[in-house]
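Listed next: structures, encoded as structure tokens.
Shared between the two complexes below is chain A, which pairs with chain B and chain C, respectively.
And now, the complex of A and B:
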């Protein structure tokens, strides 16, 4: 029941924000972007009460292997970076700024690669042990 | 008429009372327990003789040459010391011990499987919400991060199992250096000199070949195989899967050919040597009984009796060798088998969740575990088959 109410609220917020955005775009396009951003933040805050237990459970599963417990945090950070990057890219595209969206996407990819660097070093060390 | 009815009623009442007593107050009965002679299967004077013969042959020093883990297992199985009674344990105890060993080895692999399944779930979630999380652009980069995590999950056990496999083969070779001469000398003393020398030569050569195969060829090949698999998983455009499949098939064919060759050679040599030994023994008995006057016949019978006594020692030493080989190999074999199961389940889960980075990498890890199991089986079977053939040889004589 709680899930049904929550999804109803999310859908309601999304539809209202979309209508407001369409209306505001005719008079003040900058406020349309702010409306979209506010609705996104509101919906994500509502979703977090579902996502946090699931993320906790996935983290517990990932940390089962004691040697790779640190790597689990890297994967979850990468998921977070993906989400934030995609959100920013979508908002930029909605505002008609495709170039900025593409640069944000590139920055997101670089951030994920940087976060994964410790994983890469760990795999390289293990490969050297194998080959020796 | 009335008296007849009373008699019939009395009869029915007695039957009813008897039935009630039998149904409601049953008396339990059971078969008697057989006498337990497992601790001392032989009479005392023969037990003393058995101990003296094992001491003289050097078989009592065999437990000291075992590695720590195998010695612990032998003690758990009640085979810590060298006594005839310890070989007469029930199969149920052996099976229970094997199950406990399997449970101990299964803990870490299935913990790692939890981590692998967690990574696969994350990937599958990302795929389901592709429009939200990636729109197709960020997914490949995230996929690379997941591949690195899975590579670390697959390489770690591979490295551990390769190391354990090499250590086990070395431990077993060290045990064979002590066991083979002792057993060969006991077999020779039983009147089977040809069989003893064939066994000595064969098993030493086999141990040498397998040791050099494992350290000089298997370990580097396994490392290269896993490294190429990781490279293939990180860069799918490389398409090195067919090469790796061919490498794996080559290894499997080589191992099968080696095993078939060794067993064929051993069977042929044993058949020839056992016939030679039978002829030698019969000729010696005939010469003793015909050439030595008066006591020739008695001496010939005494030879047979001595041979019978030594055959008990031969059986005991042979069975100890087989049990020791099993205790050396089984922990590592079970550990590798459970890793094989865990990585195969991970690969199947990856295919079910359509995570394309996962399945080839985890399948490669599982294949490597399979190859290690095959090598361990090869060495274990060589020892078991050759010792068993020699155990059976000369039983009728």
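And now, the complex of A and C:
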């Protein structure tokens, strides 16, 4: 397991990118934003090699239970939507565009609501069975 | 993880900032703006493949 070495690389990339970003913000704010985006992408690319087995394991664990068979995909989809929404939202906030960030957040919430509707239906059915 | 990308972007940013200052001081604000735009496009072209890679990875990891 070389996770401890790679987390050092992630911390290093984060600190270097933060320094570059602060340096560039005085002269050209748009390049500060691009530096932040590059750091995000690099860190995510490095992180994906830990994320892939973790997501696979979660999927396997949830599929063992027949009741939860469909929920693993929904859960992971919701996490993915959260992830990219948060990414775009934070970058917009850093660029000073709070309105765009808020709209991206709203769109993410709507997408997650749509993704998790089957689960809501299941809960509702359970409630109906209990009420009867 | 290629940290080079961050350094490249930061270098382009510094060069563009210097060029911008030079051109503004020599009374050429239009060319200064064009330089900034060119730098921005160059950096975006560098990052487009990385961005698409990241989205592909997100798609495969979370099954979107």
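In this section, the second predicted complex is superposed on the first by the 118 of 132 C-alpha atoms of A that agree within 3 Å, B and C clash if a C-alpha of one lies under 4 Å from a C-alpha of the other, contacts with A are read in each partner's own complex, and residues count from 1 in each chain.
Following the convention adopted for this analysis, contacts are C-beta pairs under 8 Å (C-beta built on N, C-alpha and C of every residue); 3 or more make two chains touch, one makes a residue touch a chain.
This one's a predicted model, so the numbers in the text were calculated from it and none came from an experiment.
Trainee: A:129 in the overlay: touching chain B, chain C, both, or neither? Say first, second, both or neither.
Mentor: Only chain B is touched by A:129; chain C is not.
Trainee: Does chain B (first) or chain C (second) touch A:89, or do both, or does neither?
Mentor: First partner only, chain B.
Trainee: Which holds for A:79: it touches chain B only (first), chain C only (second), both, or neither?
Mentor: The answer is both, since A:79 touches chain B and chain C.
Trainee: Considering only the touch criterion stated at the top, classify A:113 as touching first (chain B), second (chain C), both, or neither.
Mentor: First partner only.
Trainee: What is the contact status of A:61 with respect to chain B (first) and chain C (second): first, second, both, or neither?
Mentor: Touch status of A:61: first partner only.
Trainee: Do any residues of chain A touch both chain B and chain C, and if so, which are they?
Mentor: Overlap of chain B and chain C footprints on chain A: residues 76, 79, 83.
Trainee: Please give the residue numbers of chain B that touch chain A in the complex, ascending.
Mentor: 111-115, 117-119, 121-122, 126, 132-135, 137-138, 141-142, 144-146, 148-149, 151-153, 155-156, 158-159, 162, 220, 222-224, 226-227, 230
Trainee: In the complex, go through chain A and note every residue touching chain B.
Mentor: On the chain A side, the touching residues are 58-68, 71-72, 74-76, 78-79, 82-83, 85-86, 89, 105, 108-109, 112-113, 115-116, 119-120, 122-123, 126-127, 129-132.
Trainee: Along chain C, where are the residues that touch chain A in the complex?
Mentor: For chain C paired with chain A, touching residues are 1-3, 5-7, 9-10, 12-14, 16-17, 20-21, 36, 39-40, 43-44, 47, 50-51, 53-55, 57-64.
Trainee: Taking the complex as given, what residues does chain A use to touch chain C?
Mentor: Per the touch definition, chain A meets chain C at residues 9-10, 12-13, 16-17, 20, 23-24, 27-28, 30-32, 34-35, 37-39, 41-46, 48, 51-52, 55, 73, 76-77, 79-81, 83-84.
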